[in-house]
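Letters are used for the chains, namely A, B, C and D, taken in the order the chains are written, and counting of residues starts over at 1 for each.
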């Protein structure tokens, strides 16, 4: 019998992406979809590209009978998410796509997000959802915290290098170029086509982006010492994609070897030949991650470049990959579709 | 055992799209890929988005052992295609994506394409590949001629109406807006990003586009009299998609009824509620077709709008749908992926 | 001494476009800018591309001393515009860019816009601002009503043909492709980059777009009989530009001759050689209009294609051209900049 | 009397941009245009956006009577350029937009460009064309070498800081995001709309981009010691624009002060308030440069972000600015047009 799946927040992009992916899963069935402001509407009205699917109407969360749900994806805004999840049945398997359960230290949460955490028990219970590095914990988890899309990208670029000790830890710079869907379906002037197309800019410059909380937590834990990176995101006129250009101190060959060792058996992580670099064009709509390494002309420095699709591997694809683990399905189920190009 | 599949012309967009789709087919295996100018290269080099797949290298056509092939997709340029297909084994199942076998009358072929046809026997044998209207012939065919992408779009908009006799035949106008991948991977100035993005234009204005040959042939046969339509294609700054805005004389309700009757059981054709119109955004990367009908303020006139993805339903998806029929597979196999949005 | 210019509604796109153009006018000085919701902000904050200009801050309209203003551009939303203009000093020269004074018949206004007109005296006084066809009236006018951008485009394609009697009047179809800036700086989901880029769609299908009111008024007056056209606008992923593909009954040569005669001395109207067609790429950011004519393969039918920039010639450039006339300046002053390509 | 201007290589983007700008210059007249492969064609055929201008036809270079030319812009490919310029009249004022005369050391030229230099006398004579820093030399020059567009951007971000001694010199990283017109009108697969739109990637990673030769030369001369920077360009789906994100060691306030001091009287350089950052949207089509500074959360590090239009300020606008100096015109003549937004 198919696992019964609920998606809360199905009127946003990560919710729609979940529906797109689950549509091809042989053992999952979507039995509930919520969308507060669009409750009562069909998905065909909210997302006409899903018109051909037989889906439940959008409802309010309180209308859902969670006793009939096996796993719940929560694609709500942060802060709302913690309040909703706090009140869900204690035995329900949950994958949260918001920022609410990513940081283990409530003080760090408050520092980056501004509000005190409203679901401390769940926060303590939550497993960080970066599949390749928390696979066994996720398999056993009840509540998984999906990572930030930028945070995932940066960690794919750096975790194996920190673990292998092949780079310096004090001068890491992550320059990220992000597609606009990462900002969600928000009605903001700078996200209008007329404002965004044909130009690009940095934002949250100087160390203010909230995904830094994840970098600080994860890299410091991994290194066994405090690690602080520089991170500048840029908004680029494309709908999907994150390209991380990461400047590190270390030898390109050793770095490349570390990646090949770490990702050898990973189904979604593709390490390019040394000297080649990836493009977001070639991961669009897929769960794949392309990783490239190049040595700089300056001895002892290298550039690592990672490309993924923020909505798929950076968010909803990761979530489905985790759900597969939590439900005893094949990890790659419904996730092997090739990228869409052109 | 999986059907053994060859793709000739795999270094172009329709070839790559075939590989993308077949990758998810449980009963097909790609055993040969050709690409004359790129022979010897891996698909990862030619199309890095297919990097994760285990695929044969590109070869020259003459290197392929067609005795080991069950079905051959031919995604070569027209004129080349007829010469290649003429010399393939007589029993080999073939789906041609070029224009070479679409027109049944050699004189018409010569009129639109300029050269005499070099494979008249095969031309006579070929079945026109518009699946929904030639399904049984395709199931029994050895050689299927994939339709033009514009020709498919226009026919989805008009065939049920001509058959049902609900529109006038003398003043049909098709105004098409096409994404750039329809032009293929050709190195032409007007296809450069710098020339194409942020602007748009008509081309082949006045009845010179070759897909008119298909319209003339199919609509006239269907109507039992000569039908000549007006057709203006436009190049729009998007990679995929065709939107046909079709101006007809007739009553919107009768037109809508004719579509609902004709497409009721079709898995890929979605008729929108009367008065709603589709967008290419909502079919991208999929095999679905969205059809909308609106009555004009002028009595007795209506507008039909059809959206599809030129590379999928307009070309490679159609080809795979036909291959499924020819090989006894489920018609929708590997074709039910939802569109990619955003 | 420079003419003192006010721009009301300077926080929208047509307002910003006016400022861009006026910046290069040797005899105009912007002395007041209004923007209700952004009052108090500098233009550098609202439109950073105007950062280098020395401009007044945005204010509320009531803060402006109109005694110190020689000409006022009004780039406010329709309905608001009529209320504001009704209360402006009776002697002030005004160019309104809204829809409020385009329709001469108050009943037509109410039919298309839904509300009764609140400034009937001014409506009666207003001159329709299609420069090339109302030049002398505009020169003498106090209040000029800027045309709709689609309405301007369609009229450039049809007025000379109706006047010359070279086309049939009963089966005119205008299929328009419009850039997104025509929708203004509105926060609507379908105008987001993620929703709009890489796809396109028709809207206001079937004769419901308000610019039809202008077509009905102008074409009927010109023909001396009722003329009703079909008009379908499409939203295309580009920021600027309108391309009108107009289907008419008539002989291409006679049509081309009519254009050449009508536009021979017009500085901004460029008639292409017969058989050539224009592109919005080649008018972007300019006040130029490109007009092409092609005969169809069907005897007696032709296609007229017109390209212009909706924000410049379709709106703010037209307004400045009219202002030049009203102030005794050279008509082309500050408007001869070539298009921006690529 | 107007200066008589020739543009060699007028069928490329920098050539067309020169024509666009010169069209508005009151004291310049274009008297010759060359384009080898398109000789004999009109500019309206090669660049329809210039259709309204009265321009000479494209010719071959040898057809030009340089005795009738006051200043010659040379927008030819590198290597060709040096051979042409070597043979031009010795007294002719020349502005070269290629890379051929940027590097003073012939060995460096050969290292970066692969061929020995064929015009060593002219190379020695050439003045580096970064106007703000070589103004007096340019005024007196006969031959000016236009800078690389990336090289200009990086120098606007770093020269005042190196001069003021407010940053460390050993760990400078320039991460550049470039619009596609920087690659010229070249027919390359990766420049096709279908390949480029909706995705982005780094290229020339690791210190292989030729503009590094300019950085090495200029920064080392300025610092009085060898300076080697890291530089990674990225290709972004936009036609115009360069955004440089520059990572430096230094105090943000001191850096901001250095910029304000250096650029206080510069007409085209706009220093944003400390903490604000620019966007390429807001310089498009203009000669303006926007400079922003932000301090990082890590003490002692700052990020400098510079935006300009590669075709205007990065190339043809710079060239015209230099021509104004060389011809005794006002430096800003024909260059004050505001950016085009949206």
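Please note the rule applied: contacts are C-beta pairs under 8 Å (C-beta built on N, C-alpha and C of every residue); 3 or more make two chains touch, one makes a residue touch a chain.
To keep track of the chains, here are their UniProt names: A, B, C, D = N-acetyl-gamma-glutamyl-phosphate reductase.
Fair warning: this is a prediction, and the values are worked out from it, not measured in the lab.
Novice: A-B or B-D: which has the larger count of contacting C-beta pairs?
Specialist: More C-beta contacts join the chains of A-B.
Novice: Could you check which of B-D, B-C or C-D has the same interface as A-C, with more than half of the contact pairs identical by residue number?
Specialist: Matching more than half of the contact pairs of A-C: B-D.
Novice: Which integer distance in Å separates the CA centroid of chain A from that of chain D?
Specialist: The separation of the two C-alpha centroids amounts to 39 Å.
Novice: Return the distance between the CA-based centres of chain A and chain B, expressed in whole Å.
Specialist: Centre-to-centre distance between chain A and chain B: 36 Å.
Novice: Calculate how many whole Å lie between the centre of chain B and the centre of chain D, each centre taken as the average of the chain's C-alpha atoms.
Specialist: Here chain B and chain D have centroids separated by 45 Å.
Novice: Counting only residues that touch at least 2 other chains, which ones in chain A make the list?
Specialist: Residue numbers touching two or more other chains: 13, 181, 194-198, 237-240, 278-279, 281-282, 284, 342.
Novice: For the complex, which residues does chain A have touching chain D?
Specialist: Residues 171, 173, 175, 177, 194-203, 205-208, 212, 228, 230, 232, 234, 236-241, 243, 245, 247, 275, 277-282, 284, 292, 294-298, 301-303, 305, 307, 342 of chain A touch chain D in their complex.
Novice: Can you tell me which positions in chain C touch chain A when the two form their complex?
Specialist: Residues in contact with chain A: 13, 180-181, 185, 187-189, 191-198, 237-239.
Novice: Under the touch definition given earlier, write down the residues of chain A that touch chain B in their complex.
Specialist: These residues of chain A touch chain B: 13, 16, 19-20, 23-24, 47-53, 181, 197-198, 239-240, 270, 272, 278-279, 281-286, 288, 290, 336-342.
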